[in-house]
Amino acid sequence: MVSHYLFLSIILFCLGILGVVSRRNVFIVFMSIELMLNAANLGFVSLSRLHVNMDGHVLALMVMAVAAAEAALALAVIILLHKHKGNLDTNIFSLLKG
Amino acid sequence: MQDIMAILPLVATITGAILVMLAAAFESFRKEGISILGIGLFAFAFFVQLTVENGPPIAPYETMFNGMLVTSTFTKVAGLIILGCGFFSALASQTYFNQNEGFVLEHYCMMLFAASGMLLLTMAAELITLFIALEIMSLAIYTLIAADRRSVLRSEAVLKYLMLGAFAGAFFVMGSVFIYAGAQSTKFADIGRVIGESGFLTNPALVGGSLLIVVALLFKAAAFPFHAWVVDVYDGAPVPVTGFMATAVKTAVFAVFANFLVINGQLQEGWVSYLFYISVLTMFVGNLIAIGQNSLKRMLAASGIVHSGYLIIALVAINSEQFTGSTILFYLAAYAVSTLGIFAALSYLGGEGEKRHSFDDFNGLAKVRPYSAACIAIFLLSMAGIPPTAGFMGKFYIIAGAFKGGYITLGALGIVSSILSMWYYLRLIIAMYFREPEEDFEVGELTLAPLGTFVLALAVFAISFIPVAI
Amino acid sequence: MITTYLFFGFALLAVLGALGLIIFKHPMNGAMSFVVTLISLAGLYALLSAKLIFAIQLIVYAGAIMSLILFIIMFLNIQEKDLPLDPNRWFYLAGGIVVVAPIAGLLIKISKSLPATEVTVFEDGFGGVKEVGQLLFTQWLLPFEIVSILLLVALVGAVVLAGKRGVN
Amino acid sequence: MTHTVTYLGFIPLLPLAGALLIGLIYVVTCQGKQISERLYGILGCVGPVLSFFMAVKVFFALLSLPAEQRFLSHKAFTWFAVGDLDVSMGFLADPLSSLMLLFVTFVGSLIHIYSIGYMAGDQKFGKFFAYLNLFLGSMLILVLGDGPVVMFVGWEGVGLCSYLLISFWSEDTDNVVAGNKAFIVNRIGDLGFVLGMAFLFWGIGADGFDYLSLKANAHNLTAPVGVLVCLLLFVGATGKSAQIPLYVWLPDAMAGPTPVSALIHAATMVTAGVYMVARFSFIYAHVPAAGEVVAWIGILTALLAAIFGMFQSDIKKILAYSTVSQLGYMFAGVGVAAYSAGIFHVFTHAFFKALLFLGAGSVIIALHHQQDIWKMGGLRSKLPVTYWTMLIGGLALAGCPPFAGFISKDEILYSALANGHVGIWLIGVLVAGITAYYTFRMIFVVFHGSPRDQEAYDHAHESPRVMLIPLLILAAGSMFAGYANIPAIFGGHQRVSHWLAPSLVEHHPHSGVGLEILAIAASILAFVIGISIAYRKFTVQVDEPDYSGIKKFAYHKFYVDELYHKVIVAPYQFVGKAISRVIEPYVTDAPVQASGWLYRMCGLAFKVVQVGYVRIYAVYMVIGVSILSLLLSRSLNF
Amino acid sequence: MFENFLSIMIFVPIIAGLAIFVLPFSKEAARIIGLAVSVIVVLLGLKVFLSFSGASGAFEFVEHIPINESLGISYSLGVDGISILVLAAAATLFPMVYLLFQTKQKGYYANLLIVQGAMIGAVAATDMVLFYVFWEAMLLPVFFMIGLYGGPNRLPATIKITIYTIAGSLLMLASIVYLGIAHQAQSGEWSFAMTNLVGLSLSGATATLAFVGFMIAFAIKIPLFPFHTWLPDAYTEAPTATTFVLSAVMAKIGVYGVIRFVVPVFDESFARYALILACSGVIGMMYCGIAALAQKDFKRMLAFSSASHMGIIALGIFCMNIQALTGTLYQIVAHATSTGVLFLLLGIIEERTATRNIDDFGGLAARAPIFAFFFAVAMLASVGLPGTSGFIGEFLIILGAVKFNPLIAVLAGTTLIIGVCYMLWLFQRIFFEKPNSKLAGFGDLSAIEILTILPIVILIVVMGIYPQPFLAKIEPSAQRQMAIIEKVQHVAEYRLEPQKSGQELKTGDR
């Protein structure tokens, strides 16, 4: 059943949200976001199957490309952050507040 | 031919960006040259955009691009605002980096890339195109923020922006999934057709999908409760970049937001009641954040949240049958002019390393630099909506639009919010004019930013005379 | 029938991998567990007749992107002591579940409303390289083009942010 | 019916012009070289005297007309006209106003002349004459004004001038306070006047707001409004004419120079109230109830003031209370609808009260501004002219036949009796006795016996001629003014009453001769008793008695001033302080301050919310999405 | 010759003010420019005043340039009987300021010029949006004048007046927009022109809210109790010329606004709430009047006094009859002159002695008789003595109030008493009593000062003695307003009954 794929997609998406919300390590947060994108991709592909329409595949492709671009920049930022503090705890980056 | 014309500004911008990128690779090009090149390219793109013929909405390269782009007067004017913002931000950058470190040669290239992303954003008529445009814009802006690698504040700002931006992006993609589920397509035209055929509220997938997309757009627009990043990111970014973000990004996001909402009247109607509350909360929360700030940049960021609230009022009051978006664009222009003006002024008044940043640092500015202070006062008054500035007319049109749409309460609350906002705008004017200067800052030689400030100050008045129909 | 079992198998693996990602303390473990998810997703794509995506998922995602991530994790040489303690993690997790539940509820409710279709693997060219490629370079030309700009921006951005060039 | 004569306007204008001229000269010269007092004196007296001659001219002009046509008017210009309201700056000379005009200008002129001597050597000589002229001019506007609004101009004008003159010696705080009191108390009355006018206008004023139009429409006034108008106007009168409860300013007004007191008490100001009631007789005649109130207030004031007068030691205060008391008579008169009697008493009173004040002034000057009668004594020989003239004045005041005061007062008392107000009559007779007592208490203590302050006595000398001549003229007036209105019982023709008849709406009682004889006999008896008690007590050498018990209470004027201070002034000031120190900052302004404070506090709260942790921001977002999802899944039905 | 006097009167001062700001003029040059411009404006104002006939009650000197045709916003100006006196006050009172006070910076003169232009604009505007623009523009120079050149506690006062008045005017903005919408809904076209908006039929809760929006804005500006709390601080801390501008003209524009906009447009709501508003006026009069007595600072006392008088002036509008309305319009100028002179004279004292404490004074009448004389005339006008300008208006207002509601009238009448209480006390403490040795050097007014103030003092007297020419210009327009209100008088059912029967009786007689 396609809806099962969608359920899985939703579950992964929500797990991604949980990862973002509950973790302080920049890597984990970043990978959780990647997880959410993957969940969406699963959605696209399964819906593509549902509609028998390959647009979903293209969409998933695009999302992967974006994810790759994002990953490149995110990793650069991570390196930058690590250079500053030697640590990747998001909570130590809270100089800007109030 | 019309097709070429329609996306010519986009082409110009992208080409310009690549040009600057290449130029940056040559050691012979130094800061000044690159700056002039960047500014010139923005000006060029602006004039290209200006000369593009406007008419009824057209889809350039419809066969080739499959109707994924749409241009209209709305996108044209939005593009003009964006490129104008880029131009003045570039002016501000030139001066800013005269006295601040952390300049990278790719600065203007990134600005142009961001601008091209924004232009795409305004024209996008398909969800994934929109997403990619959004990401082009965002990635460029991330780079702009954190270009000064030695500053931990910049890195922190980019961390927050990147993480939350990507998070919101994920929501957007998930939203697209559901839209795709409901409409079998991600093109606005198809979505509109599906809604027209089967209704919006009867199609759960569309409702859910639009929820996630709206969330992502609200995040970019800094609406409550997706606003928290704004203050910190604006604070952490270099002044000209903050100005660019506060104006150009907002313009692009609201343009695409409006485009998305007017896909079909039912879609907009379905969201009105939620946007209603969101706009109210956004305005008031923004005010409450702003009142507590001591740093000027943070205050301006928070006031940006408030202005998003006003713009959401305009979105609520959109008449999707005869959408012109003139109210939104006018407000955006008015807001952009005054905000850019302040940031342009800040970029040369800030001194070395943005030493002048808190309200107290501006004490007695009017005695030291009367013209700058007068310009800043004009910008603040415009943001506060005091006539005869553009900000006043913008607010007037928004309130009028809200009333006309029957949202009397919303309009009235908008008024209340602007009363509240007087408080912190006045605070800066009071600091500049009525307090004694404590410490004199050395400010670098006069360069382009003061000129930009002055032009913008004039624009504040000039824009208010542009007639707008509601 | 086999597809159903495969689906549940991959689904279980994917969820477990995701859980591992958000629970393992060390990012290395998380990344490895995430790779499991990515690979199971690739399996699912195959079940959905998305041949090209299946391949790309394995090659680009599980292969390239994850390698990059792993490389960076190891490059930064993250030690146990560098990791945030985060005693509130479980609290956030529990709270997060509560908060996320309505979102999941809504989305699941919505997906239930979609027409129920059995997933059978298409034997024809559905999802094949040629078919998807044709689609990509005709109808989806524009996104394809602008993705190139996106990648360019990412490239330049990464260079600016992490490059070795001296700051002007 | 009315004849237009333009020179009417000049009667008030002349003193006003004089005031302006003198004022200008004074203001210009006061800082540098002063011009001579003689010039000021001449300038000051020209206006009043000319006005007097014109008043005489008016009188004869009226006399030449048939009785029912005796109305001369002059409309100078439309003052203000809005909607139905049409107020002209107009003047009306009819028998009533011409009578007032005559004695006001006459007595006023005399006081002016007298002042030349009295104020000699004063630094602010010129200013004084400017004020005096202004005062007289205002009074003439009051008398001549055609319509209540124009009357009000003079009405307020005299109030202002009384303020200026009472606080004339402004270095002394007491004088200024007395002036303030006069103005403020008068203003309370004026409020009544204004409101009365307003009600009158809305009642019958739409067809013209001058006396003749009002008189023609008076029958249209409904009863409740009529009563309201009468009472409100009377409130005005109590203020101006010092009746209960607003009499308190008049005794304090003695702080001003003595000619001012004379002017206030005799010719101008205080008589205005009586004149006004008589002027509005066409309304009062329609509402007897209001008249009753007026009469009772008047007679009670007469009694109260007489009681106060018995115990005063300041010569001017004694006279002041006597004025209040006599004014009470006048109001009793107009209250019982004997308007001509009331006006006639005003007329005679002007002479003897001016005389008494000017005489008192002469004594005061002689003793170098000593006003305490218990520091005087035996001045008869030193100041013979003053003594004899004051004696005449005293006899007139006390109601000794055949002096002026007797005739006019008796007329009032008789009218009261004849109109059935026995109570008023009885009190009136009692007051007559008391009046005789305190008048002669004063005269005996001041002029008889032996000096109490030998040094002052030795330096005392008779006043200059410029002061004495007015005294003599007034003395003659006090003796013979009464003959103008001798009642029929003495073979007279009541000329004044007949003269006034066209202006007034009154019904002369026709009661028996017996009643009239009774009234006369009672008055004479009261006078005799009063004067004999005074003679027994005060011709012998007495010093200031130490009052105790009820006498002390009366000596302190029943503590009415103190009561007013406690009940009205102090609470008023307290409220003022309370408003500005407590209510304004903590009540009225509190919502404003509180909202500002609350706003800033909320701002601080939001500073806490902006924690700076990216994870928390993500939590906010998720919560937002979550709430939206909840709402959405509620509202979606599928 | 040119015809657009009003535009010139508005923009010449504004442009001159901006020029002073921008160009490097010296302080003295700025003063001379200010003086010259204000004299030009006076001449133009006199020209307008004298050639204004007012007989028809319609707008004269009309100018009209559309700005946004689709929304019906236009630059339209005009003068009628309602505005002529306010305009005259705004146009003519300013030269005094330049002549009397010289020790300020040049920005001060620039602000004065701008505020004058804006005020004239607010009075002359016949388009609501334009009015709003000038209305707000009026505030800014005041904000800067108080904040830059005010007393030691100027900052809180500045913030308070600014936030308070802007809050009010933003509410008015909402109402203005609402009116435009209502016009669009009723006639199909947007319009913000007064002449069009008068014809709207507004009823229902929203209209009432719009009415409240307008009323709050004007109530704050006037100020009506309990919105007056900004006033004492602002008037006290502001430099004298600003206080003069605030009290003599700006507060009057609030009153003018009510008459011009609220009365004809929101006739029904206005009639319904007139009693409450009248009470507010009366309470404010008494409250501020009583508070004035307790002040130690003479400027603050005068501030309260001004607020007290504004209560009465405002009352005149709410009485809804021609006498009271005309009285109000007349009193606007009368009070402008009297209170203006008082503030100027006290300002001179403050400049010379550098103190505002009443206790520091005494005996000035002897030292400065001309000064005392001028002060006395203004004071008497302020307490409404007949023969001065103050009487006519106050009398008409009280007269009208009696018709409206006798109780209100009685309370309103107490202004006669309350006014003299504090005024006489002030006069006593400053001009009478023993001369204070600290004031030994206090001389009389200089020739320039005398010549500056004398015209106003003469005006006070002339307006008291011969007001008819002024009233004749006002009345036709006031009648027009009343004609509108009379149609809806039925909603106000608290008029004096006896009078009504009296009137009926009279007509029965005819």
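Labels A, B, C, D and E are assigned to the chains in the order they are written; within every chain, residues are numbered from 1.
In this section, a contact is a pair of C-beta atoms (placed from the backbone, for glycine too) under 8 Å apart; a residue touches a chain by one contact, two chains touch by 3 or more.
The shown structure was predicted, so the numbers you read here are calculated from the model rather than taken from an experiment.
S.K.: Name, by label, each chain that touches both members of the pair subunit B and subunit D.
M.R.: The shared contacts of subunit B and subunit D, listed by label, come to A, C, E.
S.K.: For this structure, I'd like the pair of chains sharing the most C-beta contacts.
M.R.: Maximum number of inter-chain contact pairs occurs for A-C.
S.K.: By Cα centroids, which chain is closest to the centre of the whole protein?
M.R.: So the chain sitting closest to the middle is E.
S.K.: Using CA atom averages as chain centres, what separation in Å is found between subunit D and subunit E?
M.R.: Centre separation, subunit D to subunit E: 35 Å.
S.K.: How big is the gap, in whole Å, between where the Cα atoms of subunit A centre and where those of subunit E centre?
M.R.: So the centroids are 65 Å from each other.
S.K.: In whole angstrom, what separates the CA-based centres of subunit C and subunit D?
M.R.: From the centre of subunit C to the centre of subunit D is 102 Å.
S.K.: Would you kindly tell me how far, in whole Å, the mean C-alpha position of subunit E lies from that of subunit B?
M.R.: 43
S.K.: Among the residues of subunit A, which are close enough to touch at least two other chains?
M.R.: Expected reply: 6, 13, 16-17, 20-24, 29-30, 50, 55, 62, 66, 69-70, 73, 77, 80, 90-91, 93-98.
S.K.: Tell me, which residues of subunit B touch at least two other chains?
M.R.: Expected reply: 128, 132, 135, 139, 142-143, 146, 149, 159-160, 163, 167, 171, 174, 178, 181, 204, 207-208, 211, 231-232, 292-293, 423.
S.K.: Please output the residue numbers of subunit E that touch at least 2 other chains, ranges allowed.
M.R.: Residues 163.
S.K.: What chain pairs are in touch here?
M.R.: Listed by label, chains in contact pair as A-B, A-C, A-D, B-C, B-D, B-E, C-D, D-E.
S.K.: Quick one: in the complex, what on subunit E touches subunit D?
M.R.: Those residues of subunit E that touch subunit D are 160, 163-164, 225-226, 228-230, 232, 287, 290-295, 304, 321-323, 326-327, 363, 365-366, 369-370, 373, 380, 385-387, 391-392, 395-396, 398-399, 401-403, 406, 409-410, 413-414, 416-417, 420-421, 424-425, 428, 431-435, 444, 465-468, 471, 475, 479, 496, 498-499, 501-503, 505-506, 509.
S.K.: In their complex, what parts of subunit B are in touch with subunit A?
M.R.: Of all residues in subunit B, those touching subunit A are 128, 131-132, 135, 139, 142-143, 146, 149, 152-153, 155-160, 162-163, 166-167, 169-171, 173-174, 176-178, 180-181, 184-186, 231-233, 235-236, 292-293, 298.
S.K.: Given the complex with subunit B, which residues does subunit A contribute to the contact?
M.R.: Checking each residue of subunit A against subunit B gives 6, 9, 13, 16, 20, 26, 29-30, 33, 36-37, 39-40, 43-44, 47, 50-51, 53, 55-56, 59, 62-63, 66, 69-70, 73-74, 77, 80-81, 83-85, 90, 93-98.
S.K.: Taking the touch rule as given, give the residues of subunit D at its contact with subunit A in the complex, in rising order.
M.R.: 607, 610-615, 618-619, 622
S.K.: Which residues of subunit B touch subunit D in their complex?
M.R.: Those residues of subunit B that touch subunit D are 159-160, 163-164, 167-168, 171, 201-202, 204, 207-208, 211-212, 215, 219, 224-226, 228-229, 231-232, 274, 285, 288-293, 420, 423.
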